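A single structure is presented below for examination.
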Amino acid sequence: MAETVLSSGEKIFILHGIDADFRNDGRRRCEYRSMEIETKLMPQTHGSARLHIGNTDILVGIKVELDVPHADKPNEGKLEFFVDCSATATPAFEGKGGDDLATEISNVLTAAYQTRNAFDLKTLCILPHKKCWKIYVDVLILQCGGNLFDAVGIAVKAALNSTEIPKITAATLDGGEPDIELSDDSYDCIQLDTSNYPIIITLCKIGDNYIVDPTLEEEMCSTSSIVMSMLPNGKISSVVKLGYGSIQFNTFTKMLQMGEIIGLRLNKTLMDVLKEENQFGRQRRIFGFLK
Amino acid sequence: MPVDQRRINGPEVSVPYHIYSDFDEKSDKVKHDFSKRSDKRTNSEMRKIFLKIGIVSQAKGSAYIEMGNTKVVCSVFDPRELSNKNGYCTQGEIYCEFKFAPFSCQKRKIHQQNAEEKQYSLILQRTLEPAVCLHEFPNFQVDVYVMVLDNAGSSLAAAIMAASTALANAGVPMFGLVTASTIGIYGNHYLMDPTDTEEAICNTQPDKEDDFNHGIITLASLPQHNQISEVFLIGSIDTNTIKQATEMLTAANKDICPVLQQCLVKTIMKLHNEKK
Amino acid sequence: MIEAENIEDQNGLRPDGRRALELRQIRVKMGVFGQADGSAYIEQGNTKILVTVYGPHQPRGSTGRNTSNISKGIVNCQYSMAVFSLSSGERKRKPRGDRKSQERSLQLKHAMEAIIHLEIYPRSQIDIYVEALQVDGSEYCASVNGATLALIDAGIPIKNYAIGCTVTLINNPSLEDEDNTLEKGVLDANYVEECTPGVTLSVVALPNNDSTSKDGLIVVAQGAGQRLHLSQFESLKARVLYGCQDIRSILDHAVREYLTEQSLPSLFHVALN
Amino acid sequence: MDSQYKIIHPVKYLQDHLAQDVRPDGRQFLSFRSISVNISSITHADSSAIFKIGNTTIVCGIKAELAAPKAESPEYGYIVPNIELPPLCSPKFRPGPPSDQAQVVVKLIENILRNSAAIDLKDLCVFKGKLVWVLYCDLMCINYDGSIIDACIGALTATLNTLTLPETLYNIETGSVSVNYTKRLKFPIKALPVSVSFAIFNDQLLIADPTDDEESLCLGRLTIVMNEDKICCIHKPGGIPISQDLFLRSLTKCKKRAELIRSLIDAAVSTIKQEHLNE
Amino acid sequence: MDTSEETSQSEYILRPMNCELNQLSMPDGSAMLMQGNTAVIAGIYGPVEAKPQKMIYDKASIEVSYSPIKGPTKVDDRMTEMYIKETCEAAIIVTFHPASAICINVQELEDSGGMLGCTINAACLALINAGIPMKFTFAAVNCMIQEDNEDIILDPDSIQLQEAKAEFTFAFDSMDKNVICCYTTGCFTETEFLKAMDRCKQASQYVFDFYRNLVKKYANVI
């Protein structure tokens, strides 16, 4: 996102391309760019993933900690999203510059994972009132080349899918004080049930049409977009509108339907890929940023 | 957390008394009866709206809205020049700040904005942007401050309407008024304009029912132009239900619009008569 | 996690099996990001650092306004650690803005100001952003090395490589009677070694091609709570300069390889591999 | 014409009015604005009041929570007043931490609460040394038009007067707490302080109940807080020196006003009680 | 420089006062004042250039910072700052220095009763020392009403204050002896208040005399 300025001529060119269902990079309106994804690349975390799509580069690290449940929700664990827009993406993010965008993204993530249908916080509880797991999902945005929300959504799901929580061998109450014993074997761990975790789809309205996976240039031509999170079982767990434009009611419902179809397909592909990667086992070579 | 030296501080930890159990240990969760709402409304009925303009005499424009027990104040101030961080801006900006008063909710709110309030501020800003002629005040910023005094559900929708009326009252050029309404979905029940207890019910999913619709949708629209200016959905709902619910909301928004208009007209008439 | 006591390991070997003057494996990739003017990724063992460079461009924000010196370019550095970067297991609360990161940013700035030909960029600014992805000791030195590479990738003229290396004095009285190379300071310490009660010296040097002449040290910092006797300083300095020399040749090799690769027409890429 | 004159030359505008023995809003020098109290309108607070003096509006809400008492005062509860002057209420304020002014006002309110001995912190004790009530009294300014302290004290006393707390038991053996949600006990209030503000202009000119415009242009301010027949605070932080005579005049004026405000609050409280009985 | 031996009469009414001017080298004026065991030091910078946010185009803005002996500045100290600020503002001819700032920094050294009065007096002395033009000087006097016998005690110390029913701090101007500032704690009647004010007004003369003697002395030195 290192400062792109588009002239009105360039904007019209992009607009006409989208009208003709033929975008600047040769894609159709509902086509994604190819993505690269790698999980478990950071040994110091409980789960991690890196996603690369176009120029967008996302790194997600997951850390799990023992914590005390909230007093008003004694039998639920905690899930916290933190997004950091690194200045490596653009000098505008230096200092507190990226905080607004970061809040927006973490808000969408929180909303997407809020329903129990997607993520059941009760599975994170160890001893009601006393002990639970707290999962920190930390998203680091290293580069943005458009379509941040989708990329973050996919990366977070992949990272959660790779997360390994230490197994608890004994959890007892000793005189009111909780006593937790963790398994000695570091390979002995629990995986999260990611079967119904949402992914995020952005539908970007440009002119009279709407597209998925916009590039940075295309995003600049759009006045409004719909960010929705899709659960694999066909439910929608959150919808927000972004941008300063408004949308007609009919367009909105059409966008939702399109998002639903794309979301389900994208989710299936993601899960297939993750399964494939998982089959390489622990001996798989980790590339990270060296590729 | 460091102690805020700018306030008088109480004890480090204190807990609301609501979390403690009752004297007689009844099953504290009363099954919600969906055939009858606590305030005797039908499911598709909205609460009565009371709207008053110009209640903050120091502000350029202000509005106070009451929807049932939900009470929201909003004020709008004169445009200020933008601090030139990125050079000249050809469009004006709207800055919104949404805050729950500390005593407005079941749980006491802290004085700093929390994540929810920050999110609502952003939503409010995005809702109002399509309605305001931003090109009319380039390089200037209009501040919109919203305070929820009492949150008895649908406070975001109330805040949106208060803000749009206050903007109109302040004489900020606009394309049209923004109206908003909220619907809670729980299975087959569509609860228009839910109260805070109904919101809490719609937010939770019952056990062992995966294929269950639940959630809350807030929809803001420009009824004069048939446009949606913001959707905020949270929960787990399928597309058809969303479609149906948004239809209901759009219809409701259209119905509310005259209330806002009348209130504005009345204020103008009153001013006019006073002048005479 | 290896306990600190294990450092007493015999045979003059360090906990990770290295000799005292042995560096960890250094892996480098330049030009990782397309959008930045220059970028580099460096791995020193498990310490992984990502650096991007933007500029030279017009100064902006607060740095641009209050500059007294307009005859030279401005270097702006930000050192930030990912919240999940710590190897010790806990999670960092904030990625930047704490005292340690701010100090690092400033030290990095001093190091970079020393090597960039700032006089040819009056009224302009060069941004250097460091993102530590994983931290396992010597992260400041690794970020200096990374920043140098990123500057080269950005095509900004520099006088010399700025090379950072740490030397750690492992104070261990029990080892005193043995001849011990470890006692005289180990190079490129990892996190466990940094936690030992000795002193860690982070040094940034500008090593010359021929190993005989020594250019000036620039940054000397970070005592880990213990005092360092002045008599030991010279020997530590010699050791750390030796380490810098080594790192320099590794980086130099990587840069040359990268540049040859880049300068060849794309058709030859396959052939080269 | 009038409003332009006011904007361009606010000082002269006010002085011209004062020279004609009238204030810009048409009041006489020592006349007060009308007041109104609205009690218990906020459903989520344990008790609440909206207090208006002319345009100035303060909403006060009390949230009660439970906490362990301080070790040095095991039977004392806490009362934590806080005033918020949000940017919403006047263009003078910006978002962010409390301004110096807000800090001074809250300190003054705390002083008045303590000096007047309106509440006995021992009444907030549930179980000595283990559990006490914490009363978070949040005063929210909705409309800032002068005499803010008067409005705050009015709102706070009205709120405290209607405060009820649920009956709470602390079981010393198990350390568990149980709350009776249906039975709420009235919290006893010992006194009812009333604050009256004045502004002072040149030549010892005393103006009662100043508006924001008058306050920002005046040369000195004086606030007197009456507690029944006693005075519990005279606050004059500085400004133009005033004679003893002026004190006497303001005190007489203050007494009358205090009575009026007290009766108003009492009336408001009793109507609420009446409503409760009727329910 | 010791001035205590000269304050002949005041010893019976007020606690002994000691002051050193020009203790601090950096500020334009400074005063270290002891009233009994209560001690503060005040320094004045000004008139200096005002910060853009705090600049008032037609007069000098006065900034006060008060630092307690320990801990960070709290809400309580803001009140003290406000009292010092508004009292000094009344005395200083602010229109002499438009668009500039006068900074008054007060540091508490020891508190054994009558802190507010002591800071105000120290500020006044520091302002005199800094040569800031003033309409009049001002003197603050502290007094209390005893719990049991309702006597008025002038300038009480912290031990006496424990038995106070009410405590008053007044500041008077040197011209008409009118009240510039007034701070009270506790409950009291109107007559008590007026009596206390009267006593303090009389006592204020000793403070003004102290100022005069002090300035005389220092004038010789300079």
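As written, the chain order gives the labels A, B, C, D and E, with residue 1 at the start of each chain.
What we mean here is this: a contact is a pair of C-beta atoms (placed from the backbone, for glycine too) under 8 Å apart; a residue touches a chain by one contact, two chains touch by 3 or more.
These figures come from a predicted structure and were not determined experimentally.
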Chains contacting each of chain B and chain C, listed by label: A
Touch-network distance, chain B to chain D, counted in steps: 1
Groups of chains joined by contact, in the absence of chain B: A, C | D, E
Chain centroid nearest the full-protein CA centroid: B
Interface ranked first by C-beta contact pairs: B-D
Most widely separated chain from chain E, with each centre as the mean of CA atoms: A
Chain A and chain D: spacing of chain centres that average the CA atoms, whole Å: 49
Inter-centroid spacing, chain B versus chain A (mean Cα positions, whole Å): 27
Chain B and chain E: spacing of chain centres that average the CA atoms, whole Å: 51
Multi-partner residues of chain A (each touching 2 or more other chains): none
Residues of chain B touching at least two other chains: 6-8, 15, 18
Chain E: positions in contact with at least two other chains: 75
Each pair of chains that touches, named by its two labels: A-B, A-C, B-D, B-E, D-E
Residues of chain D that touch chain B when the two form their complex: 41-45, 48, 55, 57, 59, 61-70, 78, 80-82, 84, 86-92, 95, 97-98, 103, 106-107, 110, 134, 136, 138, 140, 142-145, 166-169, 177-181, 212
Chain B-touching residues of chain A, taken from the complex the two chains share: 71-72, 100, 103-104, 106-107, 110-111, 114-118, 196, 224, 226, 228, 231, 233-249, 252-253, 256-257, 260
Contact footprint of chain D on chain E as seen in their complex: 75-76, 78-79, 81-83, 85-90, 171-173, 176, 178-190, 193-194, 197-198
Complex contacts: residues of chain A adjacent to chain C: 1-2, 42-45, 48, 55, 57, 59, 61-63, 65, 82, 84, 86-91, 94-95, 136, 138, 140, 142-143, 145, 288-291
Residues on chain B engaged by chain E in the complex (per definition of touch): 5-8
